[in-house]
Structure formats: C-alpha cells, structure tokens
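See the structures that follow.
Two complexes follow with chain A in common, the first pairing it with chain B and the second with chain C.
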Partner chain A sequence: MANLNLTLKVWRQDTPQSKGSIQTYQANEIPEEASFLEMLDIVNEGLVIAGQEPIHYDHDCREGICGMCSLTINGVPHSGGLVSKVTTCQLHMRKFKDGDTIWIEPFRAEAFPLLRDLIVDRSALDNIIAAGGFIEVRTGSAPEANTMPIRKKTSEAAFDAAACIGCGACVASCKNSSAMLFTSAKAAHLNLLPQGQPEKHKRVLAMVRQMDNLGFGNCTNQYECEAACPKGISVDNIAKLNRDYIIACAAEGVGVYA
Partner chain B sequence: MKDIQFPISDFMPDACIPEGPVDQKWTKYKREAKLINPSNRRKYTVIVVGSGLAGGAAAATLAELGYKVKCFCYQDSPRRAHSIAAQGGINAAHNYQNDGDSVYRLFYDTVKGGDFRARESNVYRLAEVSCNIINQCVAQGVPFGREYGGMLDNRSFGGSQLKRTFYSRGQTGQQLLLGCYQAMEKEIGKGNIEMFTRTEMLDLVVVDGHAKGIVVRDMVTGEIKSHSGDTVIVATGGYGRVFFLSTNAMGCNVGAAHACWKRGAYFANPCYTQIHPTCIPVKGDYQSKLTLMSESLRNDGRIWVPSTRELAEKVRNGSIKASDIPENERDYYLERKYPSFGNLAPRDISSRAAKEACDDNRGIATSGFGVFLDFKDAINRMGKDWIAGQYGNLFEMYEEITDVDPNDEPMMIYPASHYTMGGLWVDYNLQASIPGLHVLGEANFSDHGANRLGASALMQGLSDGYFVISSTLPTYLTSIKPGTVTTAAPEFKAAEDEVKARLNKMMNVKGTRTPDDIHRELGQLMWDNVGMGRTRESLTAAIERIPAIREEFWNNVKVAGTTVGMNMELEKAWRLGCYVEFCELLCYDALAREESCGAHFRLEYQLDDGEAARNDAEYAYVSAWEYKGVGELPVLHKEPLTFETVNLAVRSYK
Partner chain C sequence: MKDIITTICQFVTSSVGRKVIVALTGACLLLFLVGHLAGNMTIYGGLGGGNETSWINHYAQGLHAMPAWLLWAIRLGLLAVLLVHIGFTLVLKWENVNARTKYQKEGTLKATLASRTMVLTGVTIFCFMVFHLWQLTYNGDPANCYEHIVHAFINPWCSLFYIAAISCLFMHVRHGFQSVFQSIGLSTRKIRPIFDLAAIAFGLVICGGYISIPLAVLAGIIR
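So, the complex of A and B:
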C-alpha cells in the first residue's frame, strides 16, 4: 500500500458571475486505495484547517448510480481516460502514479451553467425528460403486470438504454455539447417497450425540440459520448432516435426542421 | 453507572386502525374514507419533502389527482434520491412462481422478519398493495427481469423460502426511481408540481398545532425561505449516517425528521437500525462511505471464514489466499447454524453471525473485520457467463473498488449501517402526532418492526407514495379549510429567525475541527457502543460521552466560508448539528428496551443458542419519544402492539 504525492490543477470560481481560474494544490500522502473523491476530501480537510475555502464539487451516492458526481479529469469526464465505464466516485487513486499532475475541471457545456467551482446546473436534462421522457400512466390505472408478455431480448435492450444515470458526461465530452446520447437513451428505453408505443411519436418530437431549445448542440457522430459514458450507453440509440424522429415527423405531418 | 429513569406518559395518540379482521381493514377504510371532488383538490397545496420512492411517488400521484404539489430535494435533480442505489429487488405477493405465495404469507414473513415489533394492520396493507406496485411500475416501463416466455422473473431474498422478488439486474432501485421520477417530470411539465432542487428543509412550521409549512435553505444562494401549505409530507429517508460510515449517500441526513421531532412529532423506535451483512469492509480512516453488495448475491454466494484462528491470521497477513484453504478447513457458519435458511438468513442474524466470527479472531481482511462471500460453487455449477448475467454489474463494482475479481477470489464483506426501521411515529393514515404532518417511506417507523427484510424498503416506499397516502390524505384535508395559512403567519418568521441564528452560531464558532472530523468521532462512538451488539454499559458510556461531543461541536467546529451562496461545509455542519442531538435519543431507546428483538440486540438478553431473547410480556409496544429539550430526557409514550392474526413466536430460521 503506497501513498501518492500529486499536484492538482483545479478550476475555482466563487459564483456563477465571477471570473474563474485554474488554481494549483498539492495532494500529499494520498492512499492508493482511496477513491478520487476521497482524495479531494483529504485535500479539502487540509484547505479548511488552513483557513481556505474547500473545493466545491457535486457528489452523493459514491457508488456510481446517482449520477451526481461530475468532474472532468485530465480533459475526460469522470474517468480521466484511465478506465472505461466509471463515474468519478468509482475512480480510484491506484490508477494514478506518484508525482502525477491532475487537471480537474467541471462538466462544461452552454446548457450547464456553472454554479461554483466544479458544480454545474444540469437541470436542462430534467427538462428534456419533462417534455416527453415518460409513459403517461396514472397511478392506479395499470393492468395486471403479466397480461403483457415482453420478449426477454426487448426488455434487456430497453434496460440497457434505461441504465443511463443522467450525469451529463455525454454532453461534457461532446465538442458540440450535444445531449443526443442522453435523449436517445430515454427515447429508446420507452420506444422499445410495448407500453411506450402509444406516445412514441409525440415523445420523440417533444424531446428533440426541447433539447434544441435548451441550447444543446447537434450530433456529428464523433462518439466521444459513448466513450465517456460511465454506463456504456451505446450510440446505436442515437441512430434509433434519428430513425424514430423521421418516422414521427412523417406520421405527425410535421417538418423535420420545425 | 447512573440509573436513568425515563419519564413515561400514559397518553398515546390514537393509531386510527380500522376495526375488523386484518384482511378487511384497508378495504373497509377505503370504503368509508372521505373524498374530495376534483375541482376542490386544486385548492389544497401539499408540500412534499424528499423525492425518493416515497416522496416522488406521492408527489406524482397527488399531482395527478389534482392537488397543488410543491416538492423539495437537496440533490440537483429528483432522480438522484438515494432510493436509486437499492440493488436487489422489490417484493410482491403475485405468486407468479406458483410456490405458495399469498398476501397473507408476505404479511406473515414481514411481521416475523421484523421480530413481531411492527403494527399488523400496516404490514397487511403493505402486502395487499404490493401487487399493484408491480403492475404500476411495469406500465411505466420499468424493465424488470423477464423469462424467455416474456413473463416477469423472480429471485429469492433473505427471510423468505419462496421467490417473490422482482428485479432489474442489480439496479432495481434505479429503475423504480426513474419510473417514479418520470411520472414526476410529467407532472412538473404540466405545471402540477413545482419542483425545488438543491433546497434543504431545515425546519417545520407548526401553526395552531397543525403542520403548515417548512423553512428551507436554498443551497445555491444560501437564502432562508419559507413555504406554506395545507399539509406537509416528509419522506426524507433514514438516519443511518449517525454512524458516519454507512451505505447511505453522503447527503442523507436526519435533519428534516429531527426538525419535526423538535417541533413535537413523536419519534418511534429509533434503536431499530439495520446493519446490512454484505458490504465492502472498511479500508482506512480517510474512508467516506461503505459500499453495499446486494443481498441477492447470497442466492449463489456462500459465506464462510477459516475454521481456525491460525488460518485466519495467515489470510490476514497475506501468506495464504482464500482459494488455498481446503473445504474441510472452511466454516460455512450460516449454513451450519441455520440449515433451512442457510446463506439467506435475515439481515440482523447474518450480520451478528459475521461479527461473532470476527470477534472470535477468525475474521479476514487486513483489519480482521471481514468474512468471505464465495461464488466458486455457483461458478462451477452454472458457469461464469451465467453468473455474469445475474450479478455482472455487482462483480464489476466490487473489482473497481477492491482490485480483486470475484471470479478468482471470494469477495470480502462485512456488515455496515444501511437502513433505519425506526422513524417518526405515524398512525394508520401515515399522519404523525402533529396534525397535518404526514411521514412516508423510511422516514416513518411503521412497517418493518425491529428488522427489515430485503426487497421490502422499495415496496414500502412505493406503497406509501403511490397507494396509501392518496387514500389517507383526504382524511386530514377534509377536516381543514384550504389555504388559510400563508407564510405571513408569525410562526414562519420566528422559525426562519431560529434557523438563521443557529446557522450563524455554527459559522461563528471558528474552531479547529471540520464537521467531518467531529462526525467521524461521533460515528465511531455510535458504531462501537450502539452498533450490532449493545449492553447497558456500552449504552450508558455512549450517553455519558455524547454531551462532550455536542459541546465539542458547538465550541470547536470550523465551518469554512459564509452563509451566503453555496457552502458544502455549512451543509455538513447543519446536518451534524442534528446528529449530535439525535444520537442520544437512539441510545436512550436502546437502553430503555431491555430485550433483544431483530436488529436491536442487547447482549444481556439472549437465548442459550445466542438468538435474540424477546420479552413480549413487557416490551410488545412501540416506543414513541417526545422531545423535551436538548440534553433533557425525552418522554416515553407507548403504543401497545396487539397481534390478532399472527401468533407471537420465537423467530426461528433454523
């Protein structure tokens, strides 16, 4: 069990309006077994004791499922490019080497305004769901669960898309700040299932329009999003969304660029 | 050792349990319940605090019904509530496996699993609505595990001899919460729910004896604001982080429940805290949380320790590996002690058995606080691919944290604080002892008795949120006139001032220790003295030590920054300020309950074979504690538990 001595280059910004900058900190005696966020905890304890303000960052479950943690590490959301399919909270310090310099920045995107230091506002993602990322079934109106057999393969495919944790790494990794992977994953989850068919066209049109209105960019098929996704959400979902969108436009009689 | 005499009150609010046989109570209740017509519902404002399965389901359902809902969560999105982390599954009495399940059996298993310390009527209702929950979730698009014929699949969980657990791989809580969150977002989009994210409830406002609003802190601007409503629903989860290290999310806290308690709501059975048997062991003093490995792993994993202390020592110092130890030198202690339930013994029993093995110096992991969870036999029987299909994400999660592949070497696990059965006291309507305050999900006390069975938390959260509160809320709402109280009432200003004064006081201590540092100290004290095994001595020692920790907090905490704007240190300090007051109550309750039951294990009260010795003659009641001031003894109110349907029996899993 070795300890690491590291140099951190961290984005600091007090308020949404103030000017931010990269600040340098030393992280010494960091146990290899610690998680990345535990490393930041250790640094923050030191800062507070020294009378300085701690580095603010978002985090909650610390087991890779809530989607709250959101750091861009060495230019790559969550993983720093060191491991695939992890959230920041699941990244461990044994992936780093003694003496490393680590760059820590927020998830940057126009649709994610910065609140403080490494914390951004990702409520735009909620707004995409509110536009149509649901099946409208009033509590109490559901039929008996097994009246509708669903192919195992279909159910598994829907699950694969539904595994999205809504962290926004796809947006942060994209040079266009596109939310296509996020949006397409929710659309695919619901559109694949028989329960999701009645609202399929309406859903796709509403979610895509909302995504555009919120300032997310377009997809140019670079697939950075899939590489950054901690849950391995496939870009196949984007292809499916594009297909569903064209069909929805035709079915609903609206223009593709409306 | 001082003898503590708790003040006892004869008064107990009516639990409002409907008359009649247990299987007809809910039907009778709904038949006779008051209704509010759709055009009148929009006149009522309902405040919902918390957006997990209980709060989220309630917010969505009440908004669909036409009530004006204001929902609050401390996270940046309602989708991140900690229900999301539940892995294994959700129980329901559908009997799709044809293995003999029924509403009665789910009810019975839950009452027995809770060691006969839950309210029969509430548990029966929970079992009754369990199937509706599954139906609702499937209709929302929750992708449950299925069989090739297209029907829903089930797995087994602890404390049950049949398969009634519905699951979505190892992410059941996530999928259920997303279903619930999507239903909420649908209502947010329509304007029926006003959502307040990054907003933490710091106080409850009681006007003329009724809960009429809350005081919150906007965690972005730091502003203290009030919100009024016709009723307040608190669904803010449990207090497992009183032990500092737990499987709870970092932000989980007792603040809202603690505020309700201080405002007069009784707190029931706080000593019933669940220690989950299968978590990744502690690795260092910088550790921030413990990670749960789903109980579903116990379907195929076998739990063991080396049969001798010498072998265990060799494992600890790294001179041998688990796979080097032959079969005849392994002690599969759960299979040995509980042959009929084996590795699927309930959580409290499994946790205690792990502690006993480690206390016997046969624990593994470098600390000695660990046992093996071994998949070797299942891998040999079913193959690695099958195991990956069942537990793939859990194996990956384990390897990510420990750098060990469970396909090669067994997992190392140890119990950790996970869930709290105790909570604010509620009646059958889920109304607290303050009229107008309703409490849902883990935050209330009602359904799990002294121990919760696996896959029952999700069931209870959704039961309360989707199906119970929508029927019981009109009972209160029809008794009041809507919209009579606004934030102009002087009680709001007074509560805001108190909150601001408390925040400023914390801020101005300017001591030398961070909130986390003090919280760690408190957590260690609670874990050592009030954890898996409790004694009169350990509890008394904790009670004597707590005032000093509380004093340390108020005299030596160092909170960086200011009250304006985002301040994560201030958030931690506020929550710790609640814990340093609340933790004493947990000790008092554990001390006053001179019996062992479920997760509450008093070493003085055990049977010859080491099982919990319940004392039904003297302790078959709910302890409901009334706040009397910081450092003052709370008053004990007792709600007798009457068992009309099940026979009180010694809980045996042998």
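So, the complex of A and C:
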C-alpha cells in the first residue's frame, strides 16, 4: 500500500461568464486505493483548511451507475485513457504513478455550458430525451415474462443500448462535440423493441432534429465516443440511427406515418 | 400528409442527412477514381509503333469521340458531385469547429490521423485537381497524350507534387471508404473492421496505381 504524490492541473472558473484558467495544486499522500473523486475530496479538505474555495465537481452515486460524475482527465473523459469502460468515480488512483501530473478539465462542448469549475450543464441531453426518447402510451405494469416473444439477439442489443447512463462522455470526447452516440443509444433501445415500433419514425425524426437544434456538432465517424464510453455503447447504434433516419424521412415525405 | 418538400429541406439541413449526402457523393468520387485509374493504366500499353497505335492515345481519343453533349454531361455531373461534396463537408466542418470547446490538454483514444485531417487532405486534392486538369486536360492533346504525360512527369517537381497529392488522396480514402458505410447505416460491429481493412486495401491499390505512373516515367520504364 503506497501513497502517491501528484501534481494536479485543474480548470477553475468562478461563474459561467468569468474567464477560467488552469490552476496547479499538489496532491500529496494520496492512498492508492482512493478513487479519483476521493483524491479530489482529500485535496478539497486541504483547500478548505487553508481557507480556499474547494474545487467544484459533479458526482452522485460513486458506483458508476448514475452518470453524474464528469471529469476529463488528461484530455480523455472519465478514464484518462488508462482503463476502458469506467466512470471517473470508478477510476482508482492505483492506475497513476507517483509524481504524475494530471490535467483535470470539465466535459467541454458548446452545448454543455460551464457552471462552475468542473461542473457543466448537461440538460441538453435531457432535452433530446424529452423530444422523443419515451413511449407515449401507458404500457401498464411489467407483463408476464415471455408473453411478448422477443429474439434474444434483439433484446440484448436493446439492453446494451439501454445501458447508457447519459453522462455525456461521448460528447466530451468527440472531436466535433457530436451527441450521436447518446441520441442513437436512447433511440435504439426503444426502436429495437416491439413496444417502441408504433412511434419509431416520429421518435427518430424528433430526436435527431432536437439534437441538431441544441448546437451539437456532426458525427465524422471517428469512434472516439465508443472508446470513451464508460458503458461501452457501440457505434452500431449510430449506424442504426442513420439508417432509421433515412427511412423515417422517406416515410414522412410520402406521408405513410402520423 | 406532410409536404414532401419540407421533409427534403429538413433532410438536407439535418446533421444525419448532410452526412448521407457527403457519403453518397464521396462514394461517386470513389467510383470515379476506379474508372479513371482503369483508363490511366492503358499507358502501360506503351507507345507501340507511334502515336497512332498507342493505347492511351486511343483511349484519350475515344473519350473525345463521344458526342459533345455526353462528354459535357459527364464532366458537369462530376463537377456537381465534387462541389456538393466539398460544399457540404465545409459547412459540416464549420459547425463542428463551432460546436467544440478546446481542451487545454487534448487526448485522443481512437481517431486516426486520416480522420482528423480530412479537410486538409481534401483541400490539397482539390488544388491538385485544378492543376491536373489545367496541365493534362486543358493543355493536352488526345492525339499525343502519351508523350504529353511522359513530358510532364519527367520533371521531378511535377512528379513529386503528383505523388504528394495522391498520398493525401490515400489518407482521404482510407478514412472515407469505411466512413461511407457508417454514414448510410450499413456498418455493424462485425463488418466494421472488414470495411476498415478494405479501405486501406482500396487506397493502396488505387493510389499505388496512380503513383506508379510518375515513378515508371522517372525510372525510365515509360518513355
């Protein structure tokens, strides 16, 4: 059990309007088994004792399921490129070496306005869901299993898409700040299942149009998002959204839906 | 029933729709590369007994023997495809730059160099194409095409520029080829690595074919 001494380069910004900058902090005697957020807690304790403002950052469950934590570490969201498929709260300090310099920045994108320090407003993602990422009718409580037969492959693909925790790492990692991985996962998990069929075209059109209106960039098929995603959401969903969007536009154009 | 014109307008202004258009025009340009290379390969037929028997001169004269309307329809069609491709990609790129906030420290996990330099390689290809058309089409004569090409490429600077531009084309095609399938929604986890390998193979064959011509001229194989 060793302790680490680290240099942190942290983005500090008091208000959405103010001009932020990188500040340097020493993080000394950090236990290897601490999580990345616990490391920040230790640094913050020191700052509070010294009468300084602690570093503000987002977090909630700290067990990799809520999608609230959001740091970009050494230019890579969540994992810092050290491990695949982890959230910041599940990244452990044992992945770093004594003497490392760590850059800590917010999830950056024009569509994610910065609130304070490392906290950004990701409600743009909620707005995409609100546009169509739901089923409009009341479907009742959970039915008897297997009353509606669904192929195993299909249900697994839908489940994999539904694993998205909406953290926004895809947007933060994308060289174009595109929200295609998020949008496509949220559309796919409903579009794949029988319950999602009646509103499929409507959903796809509404979600893509909403995404475009919110100032995200356009996908250029670099697949950074898939590599950065803590849940390993596949870019297959993006191909599916592209396909579904073409079909939905055709359906809308000839008036066979709605 | 929703107005079909509205739907089309929304398609061509949406992120996904514009990507589809870039992909389809890109695919047309890829097909053009194949056709153009096939024609160029006739240069390996040699000069034969002279200008009249050279394969490539026959081929060049054949192209010009097409009815004028057909020749110009093809030329203008290709130009339109190219301009749509360039126009849409530049608008998309402009939006992408504006959508992004730069990191103080940037990190990359998977994006290839080729994918990150598409505009740069594309613009280089465009500049090359202007020069290429001026040099070999505008100033050329189908009756002595063969000699004209040899004369052009015997100049090492001209050959070097050609090779550099085709190298950019390789980079462009290496990302573009597999990107087409993703953009039009035909890619899956299983087939994506195959498209990616196919992109490299396609790029190597096509660009290798083009580059072989100036190299063969410089090496004295074609003279």
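Brief remarks on what is shown
Rule of thumb we're sticking to: the second predicted complex is superposed on the first by the 244 of 258 C-alpha atoms of A that agree within 3 Å, B and C clash if a C-alpha of one lies under 4 Å from a C-alpha of the other, contacts with A are read in each partner's own complex, and residues count from 1 in each chain.
The definition used in the following text is that a residue touches a chain if its C-beta (ideal position, glycine included) is under 8 Å from a C-beta of that chain, and two chains touch if they have at least 3 such contacts.
Given the structure is predicted, the values throughout are model-derived calculations rather than measurements.
When the shared chain is aligned, no partner comes close enough to touch A:K19: not chain B, not chain C.
Contact with chain C, but none with chain B, is seen for A:T220 once the two complexes are overlaid on the shared chain.
Once chain A of one complex is fitted onto chain A of the other, the partner contacts of A:I238 are limited to chain C, with no touch recorded for chain B. With both structures placed on the common chain, the touch criterion links A:S177 to chain C but leaves chain B unconnected. When the two structures are aligned on the shared chain, A:N74 is found in touch with chain C, with no touch to chain B.
More residues of chain A lie in contact with B than with the other chain of the pair chain B and chain C. Looking at the complex, you find that chain A touches chain C at residues 9, 11, 22, 72, 74-76, 80-81, 103, 105, 108-111, 173-178, 180, 208-209, 211-212, 215-224, 226-228, 234-236, 238-246, 249, 252-255, 258.
On the side of chain B, the complex with chain A involves touching residues 57, 60-61, 64, 75-80, 82, 84-85, 94, 96, 131-132, 134-136, 138-141, 143-152, 168-169, 171, 173-175, 178, 181-183, 185-186, 188-189, 195, 197, 220, 249-251, 283-284, 286-289, 291-292, 396-397, 400-401, 403, 466-467, 470, 512, 514, 516-517, 558, 560-561, 565-566, 568-569.
Residues 14-15, 31, 33-35, 37-38, 41-42, 45, 47-49, 51-54, 56, 58-68, 83, 85-86, 90, 92, 94, 115-116, 119, 121-123, 125-126, 129-131, 133-146, 148-152, 155-156, 158-159, 162-163, 165-166, 189-190, 193, 195-196 of chain A are the ones touching chain B in the complex. Residue ranges on chain C touching chain A, taken from their complex, read 1-2, 4, 7-8, 10-11, 13-20, 92, 95-96, 98-112, 115-116, 118, 175, 178-179, 181-189, 192.
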